[in-house]
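Shared between the two complexes below is chain A, which has chain B as its partner in the first and chain C in the second.
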Partner chain A sequence: MSFPTLPDTFVAKHAAKGWPVGLAGVALVIIGSFMSWSFDRQILGDLSVYGYPGGLQILAIIAALLALALLLMVKGPLYSVMGHWLDAALGLRALSVWLLIYMVGILVAITTESSGLVNIDPGGWVSFVGALLLFAGSRVIPLRELRDLSETKVPGWLEIAGIAVVMAGILFGAAYALAREDAWSFVLFLVFAGGVIAAMFRTGTMTWFSHVATRQKKVLTLAAFAVAFFFPFTQNGSDANMSIATSVLIFAATAMGLNIVVGLAGLLDLGYIAFLGSGAYVAASLSQSAFATIGWKPPFLVVMLVGGLVAATLGLIIGSPTLRVSGDYLAIVTLGFGEIFRFSMFNLDGNNGPNLTNGPNGIPGIPELEIGNFNFGDPHTVLGIELGRFSNYYFVLLLLLGFIILVFSRLNDSRIGRGWIAIREDEKAAEAMGVNVFGLKILAFAVGAFLAGLAGTLKAHQDGAVSPDQYIFLESAFLLAAIVLGGMGTIAGVLIGATLLKLLPEKMRFFSEYRLLLFGLTLVLMMRFRPEGLVASRRRKLEFHEEDEELALAIESELVEEAK
Partner chain B sequence: MTVTETVRQPAPAFGEPVLEAAGVTMRFGGLLAVNDVNLTVREGEIVGLIGPNGAGKTTFFNCLTGLYKPTGGQVRFAGAPLAPKPRAVVRAGMARTFQNIRLFANMTALENVMVGRYCRTSSMALTSIIRGPKFRREERATRDRAQELLEFVGLGKSTEHLARNMPYGDQRRLEIARALATDPKLILLDEPTAGMNPQETRQASDLIFKIRDSGLSVVVIEHDMRFIFNLCDRVLCLVRGETLVEGTPDEVQSDPRVIEAYIGTGEDEDEERPQDAPAADGDGEVTP
Partner chain C sequence: MDQFLQQLVNGLTLGSLYALIAVGYTVVYGIVQLINFAHGEVFMIGAFGALSTYLLFFDGQTGVWILPIMIIGAMIAAVGTAVLMERVAYRPLRNAPRLAPLITAIGISVFLQELVRVFYDRIPFADFPSAKQRIPFPQLDVVSGTAVQIGDVTVQRSAIFTIGALVVCAILLWYFINRTRLGRGMLAVSQDPDTARLMGINVDRIIVVAFALGAVLAAIAGVSQGLQNNNIDFKMGFIAGLKAFTAAVLGGIGNIQGAVVGGLVLGLVESMATQYVPGQFGGGTWKDVWAFVILILVLVFRPQGLLGARVVDRA
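Coming up: the complex of A and B.
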């Protein structure tokens, strides 16, 4: 986020004042945070204590300390260490804007949640003025020329330590965010996190980190999985957040499968949820639930395989006639297929056809998953920490997500992946070079469907019931939105997109009425300003900016660099 | 019109016929774009395809490579009939480049050539996911072969460059490398020197000779007459979809009908491009 910069003459005139004003701002924010912010102790946790900070006040202090570190990088002891590399002044501007938004958010929250402005205690005003001073100060601190961060030579252990710090930050951030009960605290935490991330981008830390990430890919992947693995241990056996986390995982796994179809092969599939549904219906039918119409219960691995294969077969059936036609028609046909699936499940109730699915009632009472003697419904204690029902499913889903990511990245980096890119680039030329265009498209369709089918079988057990109304078009649209928002063809982007799209509605119930409106608005804005998504894959960046010569040259120099 | 006699060079010994196209006809509704064209290309032969704009040269190429399904005639390749499907054509050993460069713009030079290896490699989804030794061997071989081909066409230093950033002449050569990656017996080049300066054109003909010397046959569409007559063992001139003349470069460039087709008889001047005419070539052998 950036505001228009002030005129140069103004900055030059007041440059000397920026630093002390900023320092005063930092001091005020911290002092204010040790005082009471709110008269009403019921809201935003408890912010009404004098003498020590609590909850959201600690976040304000952390932000202030970060600002202090940046100030000391502009002028002070840290300058000689990092001042040449990091763009402290620009980072400070970003951070101060977000801190100001944060403080305004606090004041608005206190005002609206209790009965008026009167409930804001002096501490709140002090911190607010502090944020305002910091904002003003940062505006007039002049920017400097910097060295290229990618040239930094940092020992390998420090890079790995950097990854560890970021990953730990993500783990604690996620745990902290999920622990916020009220929507305001959650939103304010997001503002705080946004500020930290923006500052990382502006100072160039993010650039450095992305270089580290490409150098230490294996470490990063392992660390990310470690973070995801340890998440349930931060929940003290509480299932409230774990149920959200498992639904995020199912959503992310499905989105990642769709990412193969949309992101890699470039096919627009608007009925993808039907493949998840067919997997779920297979698992439900083969679960020996009291309502299941098939009285057979094979081992779960067999069920998964059957679910995946049924979905893949459906994918082949729908794909083989339609993949011969170009993009838009495929979208329409898949849209129709999604609806056909739902109506079929709705109508296979014995009245209109064979009774397979119990029609609108669906198949409830699906027993808990049981592999060997391990019952997924029972809590288990590991290392003295109780892991509840949802944690059990969480771990299996994490494995599945890992598998899907593996399939995604390995297919991407292979003969098949190159074929997909070639098809996206120029289908006719790819064909003339001997690429099996139709075969590769149908492969993407079938693999995507298979993976969604796998996820579906787990979803059925985790939900304990399947019914047709879970698999509506809107769900397909959300899956697609997660991919577009996060970044087509990327792993990190789609994970972030899926998490945001699933987590925000869960945590912010009050905006559920406006959910569609906001998503629509977000997508329109994304298409206008950042069509390649939050995390952009290099290839997509190039594809979305055909005219941008500079970008192409910059990416090329990165490629040449990496090849060395 | 006088025709200077040149000493006939002994025809080089060419091998077996690679491509035998007989009576190829392509009709778009009422338009007869290619009418009963015959072409035989032998091993190690360079054949030129000339003709004014709209004569059906590229359409003929599209018929040979399966991008169009010819409405009549038969194409045989290495002795066997060839189905008009691009993949079958490439597998059989005929690769092509395009008149308007059709590279995969956002891929690197190396990746472009690696795509060309697609039809000569076999790892499918499961092998790619499991990544056994066979997959890794094939992947390494693909990469090595692509690198080798880039060096062959003189782009050994540009492997990691994006196709869209490369200079025009390099893009043409990259397209040739991509076509060579399919291990063809015959390569069809559609105006390989369009838009090139004289020096680049000379490099292009050196490259084509080099390709021929490595054992391939070549068919070239070109408007640059000096280039064509210097390069080719045999030249075919198409006019309005039909073969006008076929013969050695000497025979074709001295044929009055060819000159007429390019310069026109004065009745249909507006479709002429004088700079394409053999006379404009100025090598003194043809004087109108």
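Coming up: the complex of A and C.
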């Protein structure tokens, strides 16, 4: 969020007023939050009690306290501790903008959910005025030149503690967001989270964190995995959110596989959903379902392998034209393959060709997965917390996603990965340098397809049914969008992209009518304004901003530093 | 023999439709080397433009004189969409890496489909039906109604309209490209944009003209599709667009005669496959598969197409 700044002379004239006004704003927001915001108990949880703030009011208080901390860094006791390092003034500006949006959102939500502005209690207005004051105050607090935060030397345990705090924040935030039942609360929470993240970026905390993340890579990975692992335990046995979480995991795992093909090797695949589909169809046909068409019933691990191999074989077939076509044409070829897959699954119903897939009806009634004595359909109690059906699938899928990420990062760092990147950047030069271009391209397709096939076999059991209309072109487009939105070739970016693309539509059901409309619009806007994605790999960033000399220098110096 | 002739007529009808849309792909590709994925949506919006014109001004009437006005309505809608899309979405990306415009195109395609689906019945001052189901397309006097029998071959009236439209459009297109200033400007830009610019050609304008030209033909295709199927829906652009792209590639992308020939060949192959592929893999259900198989085979083994095109090496 960057707002046009006020003219310098104006800021200089009123600089002294900024701090007290901001402080008054913070106080008003907190006081208002302890008062009632609305008459109606039904709206946004219960915000109508004096002296006992409800959920959204607590968020406002947290934001106000953060603002207070930043204010005290500008001038006050915290200045000597952090003031030289953190860009408190800039962070305050970002935070206050978001806090204002948040309060406006609250007022709009109360107004629209009941009938009119009448329903807002004094507390709501007090907090709103507080946000307004904070916003005004932060505008005139002057900015300072700062030392580079990446030069800070803090002990290792502090860095790890920082990672732990951030990860705990993510876990708590995700659980809290998923627990919001009504859409307004969910959106308002997103605004709050956006504010915190924006403030972290503006103060430079995020830059510091990304430096820490590169230094403490292993700790970060482990922490992230632990957070994901503990997520089901925050749900108290409720399956509603876990079903969303499992679908996010399947989507993320598939997107990560596609990330190998598109992000690393630079081969645009618009029919990737067919690999997920072939894995799912293999698992369905080899399952105990009454509609399964193949008599052989091997154990599930074998099914997974077969599913992966079938998908990989298809990947080899689809990849083979890469010998002759590339770029846009390859995209069209893969799209054609994807459509052929869907039509074939649709048609192989016994009337038009052999009966393999039951045609448009698909294969329903796939039984729950059972490995040993562990039935995935039954709830299990661990440490006194009940874990339902979806939690069981969640853990397997988490393992799969971990495996896929491992494959991705190991390949990325290997000779093969460097070969892929070379091909992506300049195919002819790579070939001249002795890179086995065709072999590596085929390999990218095969590996990507294999991973998607594995995910597909799990998806079939998790869904309990497969049908051709799950594997339409739009799904491939969604996968591609997850990669593009998140940041091609990155792990964190693709995970974020996949989560956003699956989570938002699930939580904003009242918006489902406009879901695809917004999706299309987002793709267009993203390509126009931030083609490298939310989390950009440095190389990609350069690729999309070729004429930006400063960026090139910055990235070069970063690389040099890393090499040291 | 009758069956063969019947399939010939069906194939030519289908092929004319593909050819009309395919020209849009090929003209744009020839000039900016961009696969305008959203062109199928322009075709769909053309059909909806025609329908809207009918519902607004002539609801309930059946005179054939309405048809030209409907076509003009279709063209206004389609050209407006195409030009806007070029200006807003594609132009800023003209020097971006190859991936960006392709993803933008997918985005536009989804966006336009949803725009029609969600908002068609909410347009103010007009009482349009909801586009969430198929909408019946108006039936006019001469161009729809009982089919014409020639021997044992049945020819739908809308088929005659479609083939006729292709013939007229092809002649006008030939005249436009080869005999007018703008058309020759297009040829020059497609051969060498930099030199063309040095010769005083406004390249930006030529690109807009290319998008508009494709949209005009797609609009006509939209009307004839509506007349043939008796109904239209918001999804009609996707498969039609893909098939038309196949046709454009088949004829050699960037080559305008090629698009027409490719469209006709693809239409013929599809209808012949329906009739003559033996066993369970024949019949209507597999014809789309055969079309895509042809697309892949052509792209792999003869990427320059039947009539040849600019050398394709896009990485």
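Everything below uses one rule, namely that the second predicted complex is superposed on the first by the 562 of 564 C-alpha atoms of A that agree within 3 Å, B and C clash if a C-alpha of one lies under 4 Å from a C-alpha of the other, contacts with A are read in each partner's own complex, and residues count from 1 in each chain.
Basically, a contact is a pair of C-beta atoms (placed from the backbone, for glycine too) under 8 Å apart; a residue touches a chain by one contact, two chains touch by 3 or more.
Computed from a prediction, not measured in an experiment: that's the story for all the values here.
Following the overlay on chain A, a side-by-side fit with no clash is recorded for the pair chain B and chain C. Look at A:339: by the touch rule set out above, it reaches chain C but stays clear of chain B. When the shared chain is aligned, chain C comes close enough to touch A:528, but chain B does not. In the superposition on chain A, A:430 contacts chain B only, with no contact to chain C. Taking Cα centres throughout, chain A sits at the apex of an angle toward chain B and chain C that amounts to 70 degrees, reported as a multiple of 10. Using the contact criterion defined above for the overlaid structures, shared-chain residue A:414 touches chain B, although it does not reach chain C.
Judged by the touch definition given at the top, the superposed model places A:256 against neither chain B nor chain C.
For the pair chain B and chain C, the minimum alpha-carbon spacing after aligning on chain A is 14 Å.
Where the contact sets of chain A with chain B and with chain C meet, they give residues 543. The touching residues of chain B, counted against chain A in their complex, run 65, 67, 86-87, 90-91, 95-96, 98, 102-108, 111, 114-119, 121, 123-125, 128-129, 131, 135, 138-139, 142, 159-162, 164-165, 178-179, 182. Residues 406-407, 410-411, 414-419, 421-422, 425-426, 428-436, 443, 447, 539, 542-543, 546, 549, 552-553, 555-556, 559-560, 562-563 of chain A are the ones touching chain B in the complex.
Those residues of chain C whose C-beta lies close enough to touch chain A in the complex are 35, 89, 92-93, 96-104, 106-115, 118, 238, 242, 245-246, 249, 280-281, 283, 285-286, 288-289, 292-293, 295-296, 299-301, 303, 312-315. Interface of chain A with chain C (complex): residues 268, 270, 321, 324-329, 331-333, 335-337, 339-340, 343-344, 346-347, 351-354, 427, 473-474, 477, 480-481, 484, 513-514, 516-517, 519-524, 527-528, 531, 543-544.
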